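Below you'll find the structures, each written out as C-alpha cells.
Below are two complexes that have chain A in common, paired first with chain B and then with chain C.
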Partner chain A sequence: MNGRNNLVFNEMLNGAEVRAAYQSLERWHKSMPDDLRTLKQSEAENLFKRVGITFAVYGEGGDPERLIPFDMFPRVFTSSEWRKLDRGIRQRAAALNAFLADVYDRREIIKAGRIPEHLVTRNEAFEKAAIGFRPPRNVYSHIVGIDIVRTGADQFFVLEDNCRTPSGVSYMLQNREIMMRMFPQLFVENRIAPVDGYARLLKKTLASVAPEKCDSEPTVVILTPGQFNSAYYEHSFLADLMGVELVEGQDLFVEGDFVWMRTTEGPKKVDVIYRRLDDHFIDPLCFRPDSMLGVPGLMSVYRSGGVNICSCPGAGVADDKAIYTYVPEMIRFYLGEAPILENVPTWQCAKKDDYKYVLEHLAELVVKEVHGSGGYGMLVGPASDKSTIELFRQKIIENPGNYIAQPTLSLSACPTFVDAGIAPRHVDLRPYCLVGETIELVPGGLTRVAMTEGSLVVNSSQGGGVKDTWVLAE
Partner chain B sequence: MLSRTANHLYWMARYIERAETTARLLEVGGRNALMPDIGGGFRNDWEAILQANGTLEMFNDKYSDAVQRNIETFLFFDADNPSSVLSCMNMARENARVVRTALTSSVWDAINGAFQELKQFQRTERSKLELSDLTEWTLRSTALIRGCIETTQLRSDGYHFMGTGFGIERGDNTSRLLDVKYYVLLPNVSYIGSGLDQSQWVTLLRSMSAHRAFNWTYPGELSAAKIADFLILNRMFPRSLLSAISQTSGHLDHIGRVYGSVTPAQTKVHEILSELAEAQVKDIFDEGLHEFLMRFMRQNGELAHTVQETYLQGMPT
Partner chain C sequence: MRLSVKHVTRYSFDTPARWLVQTHKLIPSTCASQKVLSWKVNTGDAIRGAAFRDSAGDMVETISVRGPVDELVIEVTGEVETLDLFGVLRDHRESVPPTTYLRSTRMIRPDVALRDLSVTALDGMADDSALNRAHALARAVNEAIEYVPGETGEVTTAAEALAGGRGVCQDHAHALIAVAHAAEIPARYVAGYLHSGGDAMGEASHAWAELFVPGLGWVGFDASNRCCPDERYIRLCSGYDALDAAPIRGIMNAGVEEHLDVSVAVMSQHQQ
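What follows is the complex of A and B.
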C-alpha cells in the first residue's frame, strides 16, 4: 500500500510545499492542541446528534440511527479549479437531460448509431410509460449528482452520474453549518463561497417545472418512503428548508385530473412532487402492485399533465453504468461541444474484447455491477484476496453484461484527522446540479472520505465519512 | 397542514403527558414505600399504582414480585409496557421525528435531548440510579419540552393540535387516577375521613402535585366532597377535569377559527364543557363517583375519536 501511496496526489501539497489554498488550514491544525481537537470532535458529534442527522444502513443491524463520521479538516477548491468543475458539471447535466428527452421521443442518438439500441430499450430503468410524453420544459432529471474523483492537480474524472434521486446534500449543508459554528475564525480568514442558497434554488427549480395546467403559485411537496428510509433525515431537512410539506404515499390521492394531499382543512391540490422514492414504488397501478409507498393513479395524472414528478419516471436510464460510457458521446452529439470532464476509462464486460481483458486483469481492476449503487456488489481488485477475486470471476462469467470494470484509480487524498494528527485519506466529490428553467449549481458539494488508511471506498454504507467542502471565492 | 402531521403532533403531546403521569405515579409509590406499614402495607400501594397505570395484569404476567425494584423497572424502563416512561418518551420522540419540520428546533432539541439522556440511563448501572432521580428527570424533561412548545412554537394549527392532545390525555389520566383510587380506597363513601385512607388520599393529591394546592384551596379536614370538587370541578387546579376540558375546548375553538368552520369536534367539546361547568359535587355523588367518572372517560374518548375523524385522517370531504 505504501508504494501506491507515494503516487497519490495530496490535495494540500504541491511537492513538499503547502498550496496557498491550504495555508490557513495548515496553521489552524498545527496550532490546535490535541485536547482541543478531541473536544471539538466530540462537540461536532454532539451537534450532529442533536440535529438528529443520522444515517441508517440497510441490513447491518445495530444502531439504526448511526452517525456518519465527520472529519473536521475541510477540503478546498480554488476558484479556478471550481470554474472548470462548474462548467463540466453543468455541461454533463444538460447532456444527460437532452439524452433522456431524446430516448423517450425520437431516439436520434440511436438512429445515428452513437449508442446501441439494446442498452437503452432493454435497460431495466427504461420506462415504457414515459415514451411519447414530454414533461414540463423537457427536463427529466432535475437534481443531478455527479460523482467526481481527482488523480492529479488538473485531472478530474467523472466516476458516475446520479439522475434519479441523489442523496447526501443535507450533509453538504450541515457540514458547513457545523464548521461555521465551531470555527468561525476560519471563515473570517478565508473567503469561502456560501452553499446555503441550495434550498432556495431547489425550490425555484421545482416550481419552474410545474405543469402547464397549474395556473397559480405551484404547490411543491417532497414524497418520502417514510421515516424508516435511510435518507429520511434529509427528506425532512429539505422540506423544512424549502417550507414545503413532506408527504408519504398515504397523504396523497388521485381524484379527477389531479393529485391531492390530505390536510386538516380537506384536500389540497399538488403540482410538483419531488419524489425520493424509486420508480417502481410510485404508483401501484402502473408499477409494483404491492407497493404501499406510492399513490395509485399517479402516473395517469402525470401523463395527462396534472402533476409533475421530479425526477421523471424513467430518468434512471441515463445514469446506468453501461450508459455512462457514452456520456462524452452525448455531450458531443447534443451540445456539439467537447466534454470538459472526462470519464474514467471503462471496460464493458458485454463486449468481447473488454471481457477478455477484464478477466485477465481482475487483480488490478475495480469491477462494478451495472445497476449497483452504494458500493455494494463491487470488487476492488488490488485490495481483495484471491478467493474473492475468483468468486467475482465466476459472477462475471455467468452474466458478463451485468459488469463493467475500471482501472484502480489513484484517488487524490486530503488531510484528515487521525489519532496521530493528520494523515492523507482518499476522497471523492458529489456536487448537486439543479436543472429546471435554468441550470444551477452551488459552489460546493459533498466530499466523502475513506476513513481507513489506503481504502478507496468512500461510500457511507461502507464506513466512509464526510468533510466540509470549500470553494474559495475569487 | 397535512392530516398526518397533525396526527403526529397530537400523539406526541399525548405521549409526553402520559410519560409524566407514569413518572408521577412512580414518585408517589416510592414515597409511600418510605411510610410505615399501616394496614395493607407497601405491597398494596404498589399494586394500586399499577392499577392506576392500567398495567397490573401485565406486570403480574411478567414479574413474580411486586417489589420496588421490579416496579421501577416495569414502569420506567420496560419497553414491553406501553405506559412506561421509556415507551412513552420513545413514542413521543418517534412522533416528533416524523414531523420535525412542524416543530421548532428548540422543541426538537428538548425531545431528542431527553431521548439521548434516557438512552444514557439505560446504559447506566441500575444501582447508581435513584428512583427520585428518574422521576425528577422525567418531570423536568417534560416540563422543558412543554416550556419550549409554549415559548417557541408558532401559534398555528399545529400548536393547537398539540394542545388538544395534552388536554385530552390529561382529562383521561386524571379521571383514571381518581377512579382507581376510588375503587381501592373508597368501597364505601362513609370511609372517607377515617385514619386508614387519609394518607392514601394525600397520596392521590401528591401524584398530581396537588396536596399543597389543595390545602391552600380548601380549609378544614379532608372530605370526599372537597377532593372530588378539587379534582373534578376546580377551575384553578390545572389537572382537574374541568381545566383539562376547557383547555381542550380552547384549542379546538382556535382550530375552528383558523379554518373558519365549526365541526363536530367543537360541538362535542362544548357539550362536555357545559355539563362540567354546571355540575355540583352533590350531583356527582348522587350519580355515583365511579359512574360519573366512567361517563366522563367515555365522553372524553368520544371526543378524541371525533377529533381523529374530523382532522387527523384527512378523508376527502
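What follows is the complex of A and C.
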C-alpha cells in the first residue's frame, strides 16, 4: 500500500459515477457561483471567530489562537456504512473499558498470556493509584475517541484509540451548527441524522457514574486547566451546553469525605468531575507536587468513593500505541466477539523481527512514538527526505521500544473546496463514544482533512482542517 | 519487641495560613513482622476524612484546615509488637504487581554511575540466589555512600548522592532502588521508625528499601545500617520514592513562611 493517487478511494465516487449519497452535494457545489462560495467561506470563518473556536498548537510557535480551517464540503456516510461503524465503535469502547477494569484488578488477560505484563505494569500511563479499586459502574474511560481511517468502500481501520480526554467534539457540533445556518436548504434536501443530542448524552453519561454516596441529583463539573489551555474553548462550550459549572482547581477544595465547589451561596458538594487535565496535574498530593492546576486531596476522595473522576487516572494505559496492537485480542478475550473494526497492521520495534523489518522498510512506513500524540514525533516514510529517515533510524536504534510502525495507508479522500473548485483530500474520522450506565454514540464525529494535496497528516496541530460529517438517515 | 512511638510534627506559620490540606500515611499496617497494639493520630481541629487503604496496603487519610491558623500539629502515638523476620514482608495485604516497581522517577533514575555500581556489585554473581544478589547491592550502596547527615537534602537524587559519596537513609534507599532497577529487580521506598537504642529524640524517623525477591516476596534492606529490618523496625508506608512514600504530604500557602519541627521517639517497653 502507498499513497499514490490512482489508488486512493474517493468517497464521493463509484468508478466515474457520483454515489447516491453525494448527488445532492454534487448539484449544490456545481450550482454555487465562485463569488458566492468565497462569500460563504468568509462567512463561515467569521462565524467561527465570533463563537471563539480556535485550536492552539503546542510546539509550533506562531499564533496559538489561529482558526482551524473549515471546509464547507460535507463528508457523507450512508446509513449502512454507519451501522457497521456504530457497532464497531461501541464494541471497541466496551472492550477498552473491560481491559482497564481487568488490568487494575485481577489482570486476567496477563495471566492468560494474551498481553505481556511489562507492556502494562511498566507503562508510563499505568497508574498505581488506580489499582484495586472499582470506579462507579466499573467504567474507566467515559469518553472514548476512536480515530478511524478508510481505504475502500468497505474497508475501515482504527488508527488509534483515545481513552483519556479526547478533544475536538466541539468542532463536530459547531461544524454542523454553521452548515445548518449557512446552507439550510441542504438539510431540507437530505435526511441527516442530528448530532446535537451529544451534550444531553454527555451529561446523562456523567450523571450516571456518580458515586454511590451521592444520594440526590448529581452535581457535575468540568475541570479545566484554564484559559491558556488549547482546548479551553471546548471546555467552556461543553459546560454551557450541559448547563454545568466550568471550574479550575482553585474553585474546588477537599474537606472531610468530599470535594466542594466554592460558590456565592457557600460550598457545594461535587459528585462527578469531567476533568480536561492530564493525570499528573489533578492532585499535587498524589502526583506532581508542583501542579497548581489540580485539587489537593482529590485522589483520596476519589479512592474513598466521595467523587468520580472522568476519565479515571490511568485510563491512558488502554490507548498507548504499544497496547493498541492488542485491542482485537481484548475484544475476543472480554467480549467473546470477533472485532468489527480492524486495526492497522502494526510492527512493534520492541520485537526483534519487527525491528529488523522496520529498519529495512523505513521509506515505506509510518513510524510513531509509542507515547506520542498529535502527529508529533512521527515519520511518514514516503513523504520524507533521506536525512529525516536516517534521523529516525538512529532514534529507533537508540530506543526500539519507543516506536511502532505501520504501512502508509492509502487514506480515502473526500471532495474539498480548493481554489480551482473541488479536489479530493485525505480524511479521517474521530467519533466520540460515551460510556456510562449505557454506551451512547451520536451518528457522526469529527472529520479531519489534510488540506494540502497529497498530505496524509490530518492532525489539527499539523495544519489539518475539519468538515461537517453527515450520517444519512434510513 | 514491644515498641512505643511518639512522632510530633509541628508546622508554624509566620503569617496565618488558610485552606491547608494534607494527605497522611501515618498508620502502620499489621503484617507478620508487626502487630499494631494501639495507634492514634491527633490532628487537633483539622477536619479528617476520605480514609481508604491504598493499593500498596497503606492507610491514607486527608485532613483539611480552613484556617486562619498559626500552627498545625500532628501527633502520632502508638504501640507495636514487632518480630524479627529478617526483613521479609509477609501477610501484608496489597495489590500492586511487583513489576510496577520497576518504574523510574526523577529521584531514583539510574545514571551511568549507578548502573556501573549495580554491574560491579553483581559481578560474578549470575548464578547466585536472588537474595544474595540483593544483599550484594545493599552492601555496595553502603560502601559507595557514607552516612553523613546534612550533606544532602529532601530533593537530592540517587545519582547526586552517589556522585557526592555522602548521604542519609533517604539517599541510601534511593540509591539501592536505582541499582536494583538497573539489574531489573523491582524495588521500592519504605518509610518507618527505628528504635536505635537510646531514647534520644529526632533520629528515629527512618527509611529503607524493599527489593522483590522471587520466592520470598518483598524483603527490606537498610543500606544505612547494613542490615535487614528486624524487631527494631516499624514499617509505616511505601512508594516509588521518598515523595511517593511520604507519611505526610501537604501544600504550602503561597507567601506564607513555614517552619517545620519534627520529633520522633521510639522506645522499647523495658525502657519505659
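Everything below uses one rule, namely that the second predicted complex is superposed on the first by the 468 of 474 C-alpha atoms of A that agree within 3 Å, B and C clash if a C-alpha of one lies under 4 Å from a C-alpha of the other, contacts with A are read in each partner's own complex, and residues count from 1 in each chain.
We adopt the following convention: a contact is a pair of C-beta atoms (placed from the backbone, for glycine too) under 8 Å apart; a residue touches a chain by one contact, two chains touch by 3 or more.
Only a predicted model underlies this, so the values are computations on that prediction, with no experimental measurement involved.
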Which of chain B and chain C A:Ala239 touches, first, second, both or neither: first
Which of chain B and chain C A:Arg50 touches, first, second, both or neither: first
Partner chain(s) touched by A:Thr452 [first = chain B, second = chain C, both, neither]: neither
Contacts of A:Ser79 with chain B and chain C, given as first, second, both or neither: neither
Touching partner for A:Gly297 - first (chain B), second (chain C), both, neither: second
Which of chain B and chain C A:Glu255 touches, first, second, both or neither: both
Footprint overlap on chain A, where chain B in one structure and chain C in the other make contact: 253, 255
Touching residues (chain side chain C, partner chain A) in the complex: 19, 21-23, 47-52, 54-56, 60-62, 64, 66, 95-97, 99-100, 102-103, 240, 243, 249-251
Complex contact set, residues of chain A against chain C: 107, 117-118, 121-122, 124, 126, 128-133, 253-258, 284-286, 289, 296-297, 300-301, 303-306
Complex interface listing, chain A residues touching chain B: 49-52, 227, 236-237, 239-240, 245-248, 250-251, 253, 255, 260-267
Footprint of chain A on chain B - complex, ascending: 1-6, 94, 97-98, 100-101, 105, 108-109, 112-113, 116, 157, 161, 255, 259, 311-317
